[in-house]
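Several structures are given next for inspection.
Look for chain A in each of the two complexes below; its partner is chain B in the first and chain C in the second.
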Partner chain A sequence: MIHAAASIALLIVSGAMVAVFPRSILAFLVFQGSLVAIYVARIPAWLRALLLGTALLVMMPVIGAWNGYYLEVATQVGIFVALALGLNIVVGLAGLLDLGYVAFFAVGAYTWAIVGSPHGNIVFGGGFPLSPWAFYLFLVVGLLVAAGTGILLGLPVLRLRGDYLAIVTLGFGEVIRVLANNLDKPINLTNGPKGITPIGRPPVPPFMSYSEGFYFLVLLIVIVVILVNRRLEDSHIGRAWEAMREDELAAQAMGVPLVRSKLLAFACGASFAGVMGVVFSAKQLFINPESFTFLESIGVLAMVILGGMGSIPGAVVGATVVTVLNLQVLKGFSLWLNELKNADVTVLGYNLANLPTQLEPAKYERMVFGIILVVMMIVRPQGLFPARRRQRELGQ
Partner chain B sequence: MTGLFEAAGVSKRFGGLTALHGVDYRLDAGIASIIGPNGAGKTTLFNIFTGVYPADEGRVTFRGQPVLGLRPDQITALGVCRTFQNIRLFANMTAIENVLVGMHARVRVGLWDALARTSRFHASEQGSWRGGLDLLERVGLRPKANEIARNLPYGDQRRLELARALGSQPALLLLDEPTAGMTQAEATSLMALLRRLVADLGLAILLIEHNMRVVMEVSDRVTVLDHGEKIAEGVPREVQTNPRVIEAYLGRRAAAPGGGRAGA
Partner chain C sequence: MDLELLVGIFPQVLLDGILLGFMYALIALGYTMVYGVLEFINFAHSEIFIVGAFVGVEILLGLKSAGVLDSVPWVLVLLLILVAGMLASGVLAVSVERIAYRPLRHAPRLIPLISAIGVSFFLQDAIRLFESIWRNAFNLVYPTLDVLNHRYDLTATVDVPLKSLVVIVAALLMLWGLWALVNRTKIGTAIRAVAEDQAAASLMGINVNRIISLTFLIGGAMGGAAGVLFGVQYGLINPYTGFIPGLKAFTAAVLGGIGNIPGAMVGGLVLGLLEAFAASYLSLLTGGAFGAEYKDIFAFSALILILIFRPKGLLGEVVRERA
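This part shows the complex of A and B:
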């Protein structure tokens, strides 16, 4: 009862905080934190679903109407949640360390970028960009193309394990990026480093803005991805993946076809990234190879590890924490520091206006990120929301 | 007439070492054992039978169908399943989950069924769980179905590995030192269990075993390997008195007093 009352109160109070202080990053952080609190609170499942549903379907768009940046943050979070969940299948469930995951995201993004922009005319002749409605079809096409790419990557590396597999996937990620960078000749497929723009946006219902439309689309995809994750995990397929992760030889001796199971894991993980790539390219209007660097792959992997490998809520929370940290907290600190600088504030006899710009928190993004990972691995290696099973492995 | 399981002229070399040299084997029913000193090639033979290693020469057939060249999971699907000398359970999965993985080869539903949760999928899952619990019951682990494999006592782990192998509904079960590390009492009760399995499920069992009391008690037939070659085969009593076997185990002097060098 206490949990239920506290959960409802928390959601209302944090929602009100955001309403009163629409510019306060702290208020929005409390709101986000309240969602996690509701998730872990000991309340009936229907109440949890009701509260989370209200927060995500009603409150979030309203907040977004007050402060569009928050809706953008929420959408970005959603994109990374889906990526983290996709990678979670490959790394967390099947135990195949993939350091080039963003390649599949790139494949999806370029798939729509080429046909959804005038650039398609250069590649295929006339008739481009395709109708905006084609976007919805290309969510499926992007999924299939990325899944196919996953299988292509999987085929040659199936005999490799652990470190060797990781190195090959790393190389694969770089190959895709380099291809995107250089496939402007002899056939101009990707337009090289200049990137592709303007990429067509999908039609949204008339009462919605584009950002609201993207928010709901991403939310829908995330829900589907979570559902797929859970159903795979809780089936003979998920059990076979886990067995493979535990002991490959024994799994095979028990009748698990290694090649097919691994390819399936690669294809499932890749397909989520492909779908999100399509969404990403339409949302950004512009893509170039810089969006798909090795660092992005590592970033998504860090989200999975931070949340807890093999854990669905872990991947969601990990992706949220990292994205919020990057987009909101550090940027917020930078803004705040700049305000202090411009206001000529003096701290301990030091005029902040003299502070070099190199010390802006937004520039430490990667450093703070690195520190968090190091601390996490030492203090809580199983992640924020460890999978039931992973907990046991480390708790021995 | 072809038997259940036949091997002819199986040879395997690792570099300069000949692990197996032209081994013939045949098993139709009941419990058979393979014994021999350490390094005789027993586990290598198992690994070839189950597709872990390719053989250099020879032919192996199961129900008349060639087995060599197939992958381990394909061989398991045909109906040959095994356990390992050093227990290889999925240590962080529960007992029932281990058995469910063992049933993987018999699952007839696919990705789509799992994603859409079709009625076929639910039926299949329910069937698997029921079958898995039955198998745990059979080996006496039903009350421990939800315990993590790693936390089970040693003897239970051995029996869980047996249940997991039974999950694939094999017609031939290969057990690599199933009583290793067990007390004599545990070993005896395991052998009684194997006898019941043969009687109830009609499966054939091939054992690698070092515990001679167990071997001689339970086996219908014993095969002795030494230095990669089959040196004797027959009912336990024949093998026990075979001079070549005694020689392989104890050295030549023990076999023929007064002759040759001692030790092996």
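This part shows the complex of A and C:
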């Protein structure tokens, strides 16, 4: 009872905080934290669903109406949650360390970018951009293309030992980026470093604003992805993946077809990234190879590791925390530091206006990712929200 | 297609390739030493390497601002920055092992690898943070030493700057020194024993932890030396410069047979030549359709192909495969 009352109160209070201080990053962070608290609180399942549903379906769009940036943050979080869940299948369930995951994201993004923008005319002749409605069709096309790429990459490399596989996927990610950067000749497929713009936006229901519509679209996809993940986890193939992760030889002896299972894991992970790539390109209106660097792959990996490898709630929370850290905390810190500089504040006899201009806290994403990876591996390798099976295993 | 041009640039391209190859070989030593002993990819080695370059540039800039850079003999300056870079990188490598790898030594394979990736990213921004505060700039240029840019004519059309000769000689010396250390000394025997079987080695009275630290020290020092030479040769560095050469050097180590010191040199040279030729000839041969940018694709394709068809590398893995 105490938990239930506390959860309801927390949601109301944090919502009110955002209402009173719509510009305060802290208030929004408290709101996000309350969602996690509700998730872990010992309350009946229906109450948890009701509270989370209210928060995501009602409160979030309202908050977005007060401060549009927060809706943007929520949409970004959604995209990364889906990415983290995809990588979670490959790394967490199947135990294959994929360091080039962002390549599949890029494949999906370019798939829609080329046909959803006038750039398609250069590649295929006339008739582009396609109608905005085609976006929904291309969610599926992006999925298939990315899954196909996953299988193409997987076929030759999946026989490799774990650490070699990691390096090869890293190389593959770099190859895709170099290709995207240079395929403006002999055929102009990607328009090189200049990127592709303007990319078509999907039509949304007429009674809501575009950003609200987009938020609900991403939310819907994330819910589908979570459901698919949960079904996969307990399915025949999911258990085969986990068996493979624990001991390949034993799994093979039990009749798990190794190569086919690994390919399936790669294809599944890649397909989520492909769908989100299509969504991402439509959201950004502009993409170029800079959006698909190794940094992004490691960012997604950090999300999976932080939450806990193989754990669905872990991937969701990890993606949220890391995205919010990057989009809000680091940027907020940067802005705050700049304000202090401009205000001529003196700390311990040191005038902050003399701080080096190159010192921009917003640029230290890598440090955040690095600290997450190292600290989690040493202190809590099972992650913040360990997977049930893994918890048992590490408890031994 | 201009055949004369193709033939004409050949010696220069060959020279560039060899130079690049020795650079990769030196960096690859760090990967290969650690992999030989622990079967672990020290992903942070690319940053350990670039730290050497930063130590070198800081000393040079310091000497320059003190106004003594031109009055000290260049050999001394070069030796000073080499030793300082090796020391810094070696100590850094040992500390990284102590903090981020040793607690994970008995964890499943991928756990220390993920930790190493984290260290790599952390170090990149740590360097950036330090240089931003210290110099308010993190893209640094090596001050030129005029003597080192003096060019010697090899033939009528090909010349080579002194600094490139220095790189090649230093690399050869270090490769030989390391090979001799591992194969001809007592310490080297201990290193090989630990690589073969840690438990048995410790029963023979070898301090396994100390030998592993030593391995990191040596590998890191080689990386630091490579960093200084890289800076002297190519001039421009930033905290993220090390990553791609590191990846290529790892490719070189695998290409030659990881855990194998002569293999690192062979792999480095093969990769360096492949890249230099791809960079110069691809554009000429395809009439500009594919440019020098595709050299990275060649390097990574080489890695993928070698891993699929000959995972033991050209010269073979020296360390026995353990179950």
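Methods note: the second predicted complex is superposed on the first by the 388 of 396 C-alpha atoms of A that agree within 3 Å, B and C clash if a C-alpha of one lies under 4 Å from a C-alpha of the other, contacts with A are read in each partner's own complex, and residues count from 1 in each chain.
One rule holds in what follows: a contact is a pair of C-beta atoms (placed from the backbone, for glycine too) under 8 Å apart; a residue touches a chain by one contact, two chains touch by 3 or more.
Just so we're clear, the structure is a prediction, and the values are computed from it rather than from any experiment.
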{"item": "Chain B versus chain C as contact partner of A:I298, first or second or both or neither", "value": "second"}
{"item": "Which of chain B and chain C A:R42 touches, first, second, both or neither", "value": "neither"}
{"item": "Chain B versus chain C as contact partner of A:L359, first or second or both or neither", "value": "second"}
{"item": "First, second, both or neither for A:R23, with chain B first and chain C second", "value": "neither"}
{"item": "Partner chain in contact with A:L179 - chain B first, chain C second, else both or neither", "value": "second"}
{"item": "Comparing the two partners chain B and chain C, which touches a greater set of residues in chain A", "value": "C"}
{"item": "Chain B versus chain C as contact partner of A:F369, first or second or both or neither", "value": "second"}
{"item": "Which of chain B and chain C A:K194 touches, first, second, both or neither", "value": "neither"}
{"item": "First (chain B), second (chain C), both or neither touched by A:L170", "value": "second"}
{"item": "Contact footprint of chain B on chain A as seen in their complex", "value": "228, 231-232, 235-237, 239-240, 242-243, 246-247, 249-258, 264, 389, 392-393, 396"}
{"item": "Interfacial residue positions of chain A with respect to chain C in the complex", "value": "95, 97, 99, 156-157, 159-160, 162-164, 166-168, 170-172, 174-175, 178-179, 181-182, 185-186, 294, 298, 301-302, 305, 356-359, 363-367, 369-375, 377-378, 381"}
{"item": "Parts of chain B lying in touch with chain A, wherever the complex brings them together", "value": "50, 52, 71-74, 76-77, 81-82, 84, 88-93, 97, 100-107, 109, 111, 114-115, 117, 121, 124-125, 128, 148, 150, 164-165, 167-168"}
{"item": "Footprint of chain A on chain C - complex, ascending", "value": "40-41, 100, 103-104, 107, 109-115, 117-126, 128-129, 132-133, 136-138, 243, 247, 250-251, 254, 288-291, 293-294, 296-297, 300-301, 303-304, 307-308, 311"}
